[in-house]
Structures are given as structure tokens and as C-alpha cells.
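Naming follows writing order (A, B, C, D and E), and every chain is counted from residue 1.
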């Protein structure tokens, strides 16, 4: 495990490092502790035949904003941002997927909470970030318990605010995702009431600008980049501690939280094909949010996918990897 | 009442006073403008203060009005004072009549202001904003504001400077009336020697930071400008001020 | 050289003895005379409100023009027509109107509290040296603290109901008012304060009749700013457990990448800005009529 | 030059003029303060303007200075004018000497200002901020500022009102000197009839919005106050202003 | 009743004839005299900078006290000690210092541009009626438009480099300056402008020597506000493709629930506020020394 020595950081202003050399530049949108960190830690940036210019975003939606604006060619996001981007008619294309466990997608309650099952949520207040994967997971969990969103008091709060509300006892439960789940658990502030296993698709995506894919050379670079990401993903699975260390340093997360999160979610991801299952499970999210009027139109998610980079990848129903309990 | 702790060793019964200033010094940037000044004004006395421009008359008035405390020395003044400043200093955001009654105790009604303004010939402008007044009108409004206050000490800083001859006579008469009716002490700063002699019991000339000259005016009232004693007093004061009473302009 | 005695005689001879020629016949040594043109001859009489709409209307026209000619692609900024349609939809399904209603209520309360707090603190630190020592530095410190970082604290202190939302608006409103009222108080002419003192005004009378009116022009600028900030603060306030409001609408649109809705919100905000300006202008006309100041050429 | 298009039918050669005002009307809130006023001033003529407080003297001066355009009527004035306003109107953010040279063409150096200030007796205050000046000092600074301009028309609005007798004589002498040297027309507003008769070629009395009275002063210069013709002129003007020259104060 | 002739004689008789007794012996009809107490007798001489730290120090003490007594649980707000340690760590690993460096650069450029734009527009609409008609309403409209909504548009217009970040800061800085300079210009005493005109000042001379100095007190208030806003705008600006900067640090800390880091950022911001105040106070002392105004009691 090591970080790349070939990285030629431009540093300073402009917000981005550049790796590799060559005439072609791939603009990659990234988040802190995201693709760049993984690739570098896995040593996958050493022999690039093209340049990668990294741009950092705080979350999925602004990253997709930049993809739509053609400011970046490619970037990694979770399973709900593409739904909203598609709903808003953004110019984006899902080009790759990976499948991980959904144990990190959880409804957490305070340790001493009287709630035992998802059905107990009836009439309780639940914090959730609107439009997040947890939002969908909450709906799915409630549905499975025979409830609907109307049966609980939904409190729309961003994670940082929700944490405050949760620890301050202002809400009864919090629908959240990793690494926040791990953080809550590790701090001993809560326990999982129910998680998204079997309810949500556990997917995350690489989303590209259609314009970039039309350029053959760029498309080739994208293919190469995706290949490197897959290798890096394997490296993560094999070196959870090393990765957790890098990730913790990059984001400011406590190391233990990072490691928990890697084992619970991040390390379990397997690269999978963008196939029918991807489209149908995503379409379910589209339809759910369309019913809530959060997505203005019932778009066909298929129009926002591209299967050309699937190669010989396994189907998206492939079981995630798991770590042995230690 | 006086907070000074030095009790006199030998008790004395000084004459009653409306103003008592002793060893007053006021320095601006190290330059003493008033320098160990001593001044007493009897209750009910009308004192006129003459002096070169910039000699410190307004500074003295501000001290007596209690507005300037960066001083050394002893200053005793009555509690009820009224000031007409050299510049009118009307509150621009209050109509003229409101300026006149500003600060009067109780809920003074508009009639009080109207009456005072009518006396200075400004009855028709009582509803105006101060900035629409002419120079003389503003000065008269400021004078009216001081006169309605019925003070024990009236401090007037060139209150008639911007008035034409006729208006000035009316204004002078007003001050004289208030003074006689109320029996207040008056300290009038003026550049008009004739005016000083006409109105005052005593004329002071300020110079070099002190009262450099004092002239009692023991003419009977009403006084007549044509009276030779009047002319003599006037001439002697002018001389004291450095002006030859017969000055002809070398033009 | 003639003088008209009062009352001035009618001047039938005016055409026979035009003064306008005189300057031309004057000798070289004599000064050139210039005629002063009465302003009534120059002024065009377009009503003020009409003239003030020029800017916004021009902006709108430019936008429409660029959109129509394709210089502004819909990707970059949808055309006014599209935006109007989206706005229409939002109004029709009630989400915009209800959002405005909810937000207006929050803004009103926050504005009220913020005005009281801002002005109160400004009075304390404007009027008293000791107040300044205690308050001013603290306010100067707090005013630069970003809302985003405060939200978690506010949630813990005030819960997730209406209180933290109103607290955020209050906070946002207080600072511009504080700064401007404070500067206004400290800018009051010392001569007028002296005059007020010499008139025997009590301390409170001095504040009421001299210092506050003197600080009013500054306060108006602060109010103008505050009226804007109150609505801007909604964007943060309505991130806390809100499901309605213009700020919520905006943030939601951003998370859902609804550029069209964002633009509608922006336009609503722009309109609110105009409204705030109108309100303050009206107040100024009422409260500052005593002030004959420079009004532009 | 004049933008008026009415050409005269019968050509005439009017006398040269430094100021030509015809049918001037200025209304404040519907009240005409100047009402069809007619006034001509010859080049090089020294005109004094008397009148009751609030009769419109300053308004007329502002019109002549080109500062008030809300007027009706014809006003012709020279391009180069200098004004000393009734209030000093010094820029508070400029030190006194900078106020004096403000607006002078070229890059006037400080010596110019110093000289002008020394002439009005303010040499030692040239470095001061205007708000620290005494009333008379500010007025003198304002006068100095007008005098350094070397104008074709000098408009003075009670420039000596706040000056003591001695300083006033000096200032009067200064104005007279500039007038003689430069040969400019001067319009002096004053409340001091003696001053008017002492300085002016012609004294005008303004009333009811027009020039109600005109008095040529054909005394030789230098003039002597003690001259009986002087006293007669003075008395007649005072009478015209409504003041009995022998007024005694009923105090 | 005695008068001292110049030079005043030394007064050895002063104790024998104390004027302080006089009032007490005065008859009832005579006015009560009060002694004026020279201010030198009342003033305490604590240096200004020390007095100004009172407020912040008190706040800090309160915080420490509440933390120590447990009234403020570490969940809600960590104790000053903890925060200091975190801050130390952040400084040590260079993230805080490098963040400040990067942000400072952005702020400096944005401040420069914003000052130019804001003052420029204020001049145009303050000085000319026509400028006001065209500019003012548009600015009043734009100033209430929230950053959040503009970011997507800015990304489309300016990309994701430095430009949109600086544009956001510029925008934020411009408006307070505009409002205050505009109000300042419109608040200049019309009499002084007349005086300036009568002195033969050219239009530019009038602006330079009369209108701008007259608007300066207002501009200072605007600057004070702008200095704060410039840093606040970073919170938005550094959401666009940034991996350094104080705004980024804050947002990241928020995203990764680092409450302690958020508090450190808040404190840095508070400190920046104090700094801004200090800068403006210094400027005011230099530029507004001509202004004898009310300074509090």
C-alpha cells in the first residue's frame, strides 16, 4: 500500500490536482476521501497515459450539477442523486455501478430508546435528509412494516443538523447512511432499529457527461479509469485498515469510524454491470419520489444509462463481499 | 452642593452670585484659549462680552453652559441655564415650533412656541423645516428657543448677528424684556459695541484668555444713542478694542 | 441700468430692449455673460416609478432577447417564457404561494425581533462608552460567524421547531441594523447633541429627540439591508426541519437539480428585493423629509 | 450664448452689464420669495443689498451664483463668480488652507492659501480642521476662499456678520482692495447700513420680492463716517428700512 | 464682584474668599449654583484596546465556566480547552494555516473587485439621476438573490475553477458597499455641494473633493460589513470544487460531523470579525479625523 509517487500535484488555487501525463485530460469530479484517495492509495495513478484533473465537491448533487454543466466528465455518486438529476432532465449518463451491503443504510434510535421494530416508528419523529438514499430507505422500511411516510413525523435535516437533533433528543429516530451510521454507533449514542438490507439496492454509480462519452479518446480514457477503480476497489477490500487510515486522514473522520464504515459498507462493494436490475431498482426510486412530487416527471431511468463499459462484469445482483467478524 | 472639599479657613460672606468662575483654564491642543480666567456675575446682572474674533468668548460660554468639561478651575453656575449658540443649531428633523419647545418640562403645547416665534417675527414659519429658514430666521428661532426657557442664566452668543437693523431692535427689546421680567443674569456676546452699551450693566472685554477690561455702564434706562455719555462710552470701548471710532476706509 | 420698484411694472418694452444681446456687444475686457437656464426648461417629466422600472425591464428584455436568439441556451438559463410557465405551475399547485405565506410569517417575526435586538444593542454601545466596551467587540465578532456552523448549536439550544428558524433570521437581521445604527449614532453632529443638552433634555430625551433622529438615515440603510437578509436567512433557517417556505423550496430545488425552480426562486427573491427597496424608500420619504440632501443630477 | 430665441425687433445697444436680471421669480411652496425682480449691475460696480431678514437676499444670491435653477425669468451673469455664503460652508474634511484653494485652476500651492489666510488674520489656523474654528474664524476662512478666486462677479452674503469691529475693518478693506484691483462687480448683502454706505456705489433695498429702493452713494472715497452727507444717507436708508435712527431701547 | 485683569494676578486670597460657600449663603430667591466638575476628575484611564477586549474575554470566561460546571455538555459545545487542542492539531498538520492562506487570496481578490464594483455602481447611481434609474432598482433586485441559488448558474457560466469562487465573493462584497456608499452620497449636505459648485469645481472635482469625502463615513460602514461578508461568502464559494480554504474546512467538517472543527472554524471567523473591525477602526481614525461627532458617554 502506498501513495503514488508519480502524482504531479499542481496544488494551490484552482481546487484541483492533476495526475498523469498526456494530451488528453479527463476531468473527474470527486469528493473528499473519494476516488482520488482510493486510486492513489491503491497505487493506481502511477502509469496513467492521460491526465486526470480532479475537482472536489461536497456532495453528490453539486457534483452532478458540474457534470450537467460539462465542467467535469465523470464522477462517483450514490444511488439517489442520479434519480433527481434524471428527473430534472440533466444531461448525465450512468456508466458504471458497484454493489455493496445496505447495512449502513439504517434507521438509528438512541441507545435507551423504547423502539424495538420499524413498526414502532408510528407517530414518532424521524430525522432524514430529504432526497437522500436514507430517505428512500426510510420509505421502504416503513412500507415493509405496513406504514407510510404519513404515519411518522418526518423532520428534514441535513446530517450535521440531524446529529445535533438526534443527540439532543429532539427526534426519536434518524434515517442515515454510512459513515454517519458507523459514527453514531461507534460513539455509543445509538443502535440500529432497522437497516436497508434487502430493501434498497445498495448501489453506487459512476456518472459521466454524455458529451464526454461521444469523444472516442475520452471514452477510452473513461474505460481505463473505470478499470483502475475496480482494481482499487479490490485493494480496499483487501486492505481495510490501510484504506481506513487514508480515508480518515482525508476527511477528518475518526479512524475507528472509518474502519467500521469500510467493513460495513465501503469495502463490501463489488463492481457490477449496469443491467436491467440496476434500471428497475432505480426506476423504483424514481417512481417513489415521483409519487411524493419530489421528482417532477416520471422519467425512464434507462435513458440515463450506458452499458458500453459493462464488459465482463457480473450482474448487479451479485452478492457484496463481506468481512469475517473479528 | 459644591463638591470641593477645601473649606475656607476664615468664613466669609461673599456677595451672592449667578456665575462664579475662578482660575478657569481651557486648553486646545496645548494652546490655552482661556487662561486662568476669573469672572463673577451678580444675579440679575446684564453683562456684555466683547472681544476679538477667536479670543475664546464662545469657549467661555460653552463652559458656563456646562457643555465643556475639559477644564481646570472652579465654575459655579445656576442649574437653569439657556443658551443661544452662535450657529443656530436647530434640530433639522424637527419643525421650527418643535425645536422651540424641545426640552421644556411638562408637555408644552404648540401655543407656547407660536407665541415665542411670533415675538421674533417668525409666526408664519413655525411649521417649516429648519433647513428652509433664512440665516436670520434660523437665528431668531434659536433665540426664541432660548427665551422660552425662563432661565436663571441666559447665555447669548451673538444672537443678533444675522439680523437686519429693524428686526434686531425687536429682538434686543425681547431680550431686555425677558431679563427685566425674570430678573435673570444675562451674558451676551456681541461684536456690536453700541448694542453692548445699550443693553448691558457692565461690558467686559476678553483678551488673551482673561477678562482684560471691564466697563460699568451707569446710564439710565431707557438709553439714548444720541446721549454724549453714551457716545463717550462707545468710543472708549472701541478704542480699547483697537478701532479708531472715526475710522475711514482707505478705499 | 434700471431698477424695478415694487410692484414691478409690466414690461412691454422687453422685446425692444433684450438683455440677451448685451453680452455679445460687450467689449473684450468685459466679462462674458452666460444665461442661466431655468431647470423647468430642461426637465423631462417621466414619473419616478416608471423611470425606476427601466433597469429591471431592460434586464428582462435582454434575457428574452438572448434566449430568443439562442445566444443564451436553455442549458445555461431557461428563457423567461419557460420560467414563467414553471412559476405558473408552482403557483397553481400552491407550493409557491404557500411557501411565501409560511416564509413571510417567519420573516415578519424575525425582522421584528432582529430590529429590536440590533437597534437595542446599537443604542447600548452607541450611547455609552462602557456599553461599547462590552458589546461592540462581541458583536463585531459574532457578526462574521457563518450561519451554517451555528445551525447545529441552534438545534441543540432551540430544538427543531420554529424557534431556531426565527433565531437565525433574527441574527441575520440584527447585524446590519446594529452596524448602521451604531455608525449613525456615532455620526450624529456633536454640536446638536450639545444643543440638546443645553436645552435641558434628559438622557432619554436626548436619545429620543436628538440621537435617534440623527441616526435615522443610517438606520434606514441598515433596514434596507436587513429586509434583504431576512429573506436570505431563510435559505439556512428552512434547512432545519422545514417542509415549506421559499428557502426550503430553493434548497430542495438545488438538491434535486431543478435549475428552473431555482431560477423561479431567484426571481421571487429579486422581486422581494424590489419590494424591500420600495418599503424603505417610502419610509425614507416619510421620515427623512427634513433632510435636504444631494439627489443626483 | 443666450439660448433665448426671441431676437429683438428693434436693435438696441444696451449698456454693458456684469449682471442682468429680468422678471426673475423664485417660488418656495407656492410663495414667491422673489417676484418679477429686475436688476442690473455694471461691470466694476459695488452694489450693497439691504433688506429685512427673510426677504430673499440669499435666495437672490444663490440664483446669481447659478446654484438655484428652479426659477423663471432671464438671468445673465459672468462665468467667473465667487461666493461667500452666509454660513461658512467649509468642507469639514479639508484643512482650512485646502478649503481656501479648493477649486482653483491649476495646482495652486499652499502659499496662495497661506497668504489669503494671513490677510484675514488666520495665518496661524491654516492647518486646522474647519470644525475647530470659532464662528468668526470660519467666516473669515470662507471670505478668504472667495477672495482668492479673482472673479468677475463677487457675491458676498453678510461676510462680516460674525466679526468684531477691528477684524471687520480689516476684512472690509480687503474686499475693497480686491474690488479696486480686479475691477470686478460686487454684490454685498449686509445688515449694516453704515457698512453699505461706506463701501458701495449703490445701495439697494429689497422688499416684497423686488428691489424696492435704490440709493446712489456719490461720496468720494475714502469716505468718512463723520461726514454729514454720510450720516444723512445712513439715516435715510435706516428710515427706509423702518428704523428710527435715534431709536432708544425701551428697556 | 471682581475681575482679573490680564495677566491674572496670583490669587493668594482664594482660601479667604471661597466661592463655594456662596451658594449656600444665597437667599432663597437666588438661583442655586452647581459646580461643574472638570472631566479630568472623573475619567479613568484604561487603554482603549484593553477595554475593548472586555466583551470577548467575558464571553470566553462564560463559555469556560459553563463547560467546567457541566451546564454546557461537550455534545452541545466542547469546552474552550478541547477546542484549543483541536485548533492546535489543525494548525500543526497545516490544514488550518493552508486553508487560511488559500482563502485569504480569494478574499483579497474578491474584496478588491467587489469594492471596485460596489463603489463604482454606487457612484453611477448616486451621482446621476439616470444612473439611479438604470442601476439602482437592478442592484436592489440582485442583492437579495441568495448565493445558493446562484451557484448552479455560476458553475454553468464560469466553470468550476477560481472564477466562480471569486465571483461569489465579489458579489457578496459589492452589495453592502453599494448600499452604504449610495446612501452616503445621497446623504451629503446639499449646502456643501452648492459650495463646491460655486468654487468652480469640475464634475469630477466635485466628486473627488466633496461627494466622496462626504460619503466616506457611510463607505466605512459598508466596508466593515463587506470585510465580514467576504469571508462568509467563502462558505458558499468553497463548495464549488475546492479542497482547501476555511469555507471548505467548515463545510467538510459539517459533512463529516466534526463538531469540534466547526467550532474552531467559527472561532476563526469570530477572530476575522475582530480583525475586520480593527482594520476599519484604524482606517476611520485616519480618514475621519475631521469629524467631531458623538463618541458616547
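Here is the rule we go by: contacts are C-beta pairs under 8 Å (C-beta built on N, C-alpha and C of every residue); 3 or more make two chains touch, one makes a residue touch a chain.
Predicted model only: the values in this text are computed from it and were never measured.
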Shortest chain-hopping distance from subunit A out to subunit B: 2
When centres are defined as mean Cα positions, the distance from subunit B to subunit E in whole Å is 42
Where the CA atoms of subunit A average out and where those of subunit D average out, how many Å apart are those spots? 83
For subunit E, what residues touch not just one other chain but two or more? 75-76, 151-152, 156, 251, 254, 259, 262, 291-292
Flagged in subunit A as touching 2+ other chains are 65, 69, 158, 160, 163-164, 167-168
Junction residues of subunit B - those touching two or more other chains: 66, 80, 87, 132
Which chains are in touch, pair by pair? A-C, A-E, B-C, B-D, B-E, C-D, C-E, D-E
For the complex, give me every residue of subunit A touching subunit E. 12-17, 29, 32, 55-59, 62, 65-66, 69, 71-72, 158-160, 163-164, 167-168, 179-180, 183, 251-253
Touch list for subunit C against partner subunit A, complex: 75, 151-153, 155-156, 159-160, 239-243, 248, 252, 254-259
List the residues on subunit B that touch subunit E in their complex, please. 1-4, 6-18, 20, 22-23, 35-43, 63, 66, 69-80, 152-153, 204, 207-214
Interface residues, subunit E side, partner subunit C - complex: 51-56, 58-59, 75-77, 125-129, 131-138, 140-146, 148-153, 156-157, 175-176, 179-180, 183, 185-190, 193, 211, 217-218, 220-221, 224-225, 228, 231-232, 235, 250-251, 254, 259, 262-263, 265-266, 269-274, 276-277, 291-297
Complex contacts: residues of subunit E adjacent to subunit D: 191-192, 194-201, 205, 209-210, 213-214, 216, 289-292
